[in-house]
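These are the structures, in structure tokens.
Below are two complexes that have subunit A in common, paired first with subunit B and then with subunit C.
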Partner chain A sequence: MSFFRITLTRSGIGLPKRTQGVLKALGLRTRMKTVFYPVTPEVAGQIMRVKELVTVMEVDKALTKEELRAERRPEPGFWVEKAVPR
Partner chain B sequence: MLSRTLRKSLLDSRLPQKTLSPTFLLPIRARFFQTTPQHVESPPITTTTSPMNSKSPSTPRTKKSKAETPEIVPIAPPAPPAAPEVSHSIKELLPLLQAQPEHYISAHIHGQPYVVTVGDIVRLPFRMPGVLPGDVLRLDRASSLGSREYTLKGTPYLEDRLFECRARVMSVEAEPLRIKEKKKRRNRRLRTVKSKHKYTVLAIAELKINNLEDIE
Partner chain C sequence: MFGAFRPTNSLSGGLLWKIPWRLSKFQKQRQRKRLRAVDTVVATVDKALAKHGITTKAVERWKEEMPCEQEMVPKDKYTIFDRKEKKYRKGIHKLPKWTRLSQRVNPPGY
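== the complex of A and B ==
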């Protein structure tokens, strides 16, 4: 089962209430908020309504909030090679 | 042309021993030896537990919570199963870079770049959890590696098998106590906020560029 990965890249401020309602229905509250929805005609229609504001990718798996955070976190870039006795 | 640059880089490697003063007289090193650190934290395990036990009964709970969430220390990554082929330009130019006398590296720690060379003292802008003075860290993430004449740039990062960079944890330093006065409008009440942050100090102990045979 594949998912839409939808990220809000442009804000909905100043747009018609109807468009803002679609964003609210998708759960996109702020810019750079990412949500996952299964690929269905209903969700595709919602995306079409706000296609100028979002970037969409089709992925195999929906990520949790923690996984999204881990994706953004940079690698530590070091590891302890020799530790003093503690 | 290529042989000329090789010869030049070899000549360069002989020269600076005469011209440069010894490392402990260079400005950064000299400052490090002359100044006294403000606060050096001793290993916290033995010192913190005993006085707190006598003071408050809530210590067992705090100790337990510490045990539940241990400080995460990055461990050695597993060796990649099949290393990809080294590109042609690296094969050609890495020996030239290796022949140069001194190198620098821009190592990334938690995504932040630090341009360092051997002997540098780096005061990180944070206290690194889970390390003690004396630990040797292996820095394996770098975006560029170079010398006076050559620079190897990563896209965006270099492979970690090209080089070996080690840093030693020197101490944990504390800044002077900062006191900030907080006041709301139309109100005489003055609140003071104290802050005293701790920082980990690293010394770059080793920077080595691996041989082509070791990489392959």
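== the complex of A and C ==
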């Protein structure tokens, strides 16, 4: 089971209502919003309607909201070192 | 010549819009980048569907009708057909929402 990872990179403001409706149906509300959908012809058709606005990747599993958040988190900049047992 | 009431273009003529008639090299570069981005999206969708052995009308039609960025001639990348224009061509930046549209093919012969 593979998924489309769809990220909205260009806003749909000012575009036809049909295009904005497709974005709404995909759950893409704001720019840089990422959603996951299974690879089906229906989803492919929806992506083709908004292909100028999104970036698409094919991934093996859908990430949860928390996993996406962890992906964006930067490196902490420090390491907690432990004493090596002798 | 100088002062508050000098005859500038906008004062003497009223409304003055300065939209250049052609794209700058940086606008052209970004235009190519956008064209390639759309090509990438279509290629990704097509490859993902091909793995499952399915096709979609929208993707098939795009592949049949639309040239990819490398196949396009510069004339089609940066200009668009217009019947009212001298020599029937105007800059693609005159097209409303031109950065978020796919305008690739023009009437044959023009």
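By definition in this document, the second predicted complex is superposed on the first by the 81 of 86 C-alpha atoms of A that agree within 3 Å, B and C clash if a C-alpha of one lies under 4 Å from a C-alpha of the other, contacts with A are read in each partner's own complex, and residues count from 1 in each chain.
Note that in this section a residue touches a chain if its C-beta (ideal position, glycine included) is under 8 Å from a C-beta of that chain, and two chains touch if they have at least 3 such contacts.
Keep in mind it's a predicted model, so treat the numbers as computed, not measured.
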{"item": "Touched partner set for A:58, first subunit B, second subunit C, both or neither", "value": "second"}
{"item": "First (subunit B), second (subunit C), both or neither touched by A:80", "value": "first"}
{"item": "First (subunit B), second (subunit C), both or neither touched by A:21", "value": "neither"}
{"item": "Comparison of subunit B and subunit C by subunit A residues contacted", "value": "C"}
{"item": "Subunit B residues touching subunit A - in the complex, by the definition given at the top", "value": "43, 45, 73-77, 107-111, 130-141, 166-167"}
{"item": "Subunit A-facing residues of subunit C, complex", "value": "34, 37-38, 40-42, 44-45, 47-49, 51-52, 54-59, 62, 97, 99-102"}
{"item": "Subunit A residues touching subunit C - in the complex, by the definition given at the top", "value": "2, 4, 10, 14-15, 39, 41, 44-45, 47-49, 51-58"}
{"item": "Footprint of subunit B on subunit A - complex, ascending", "value": "74-84, 86"}
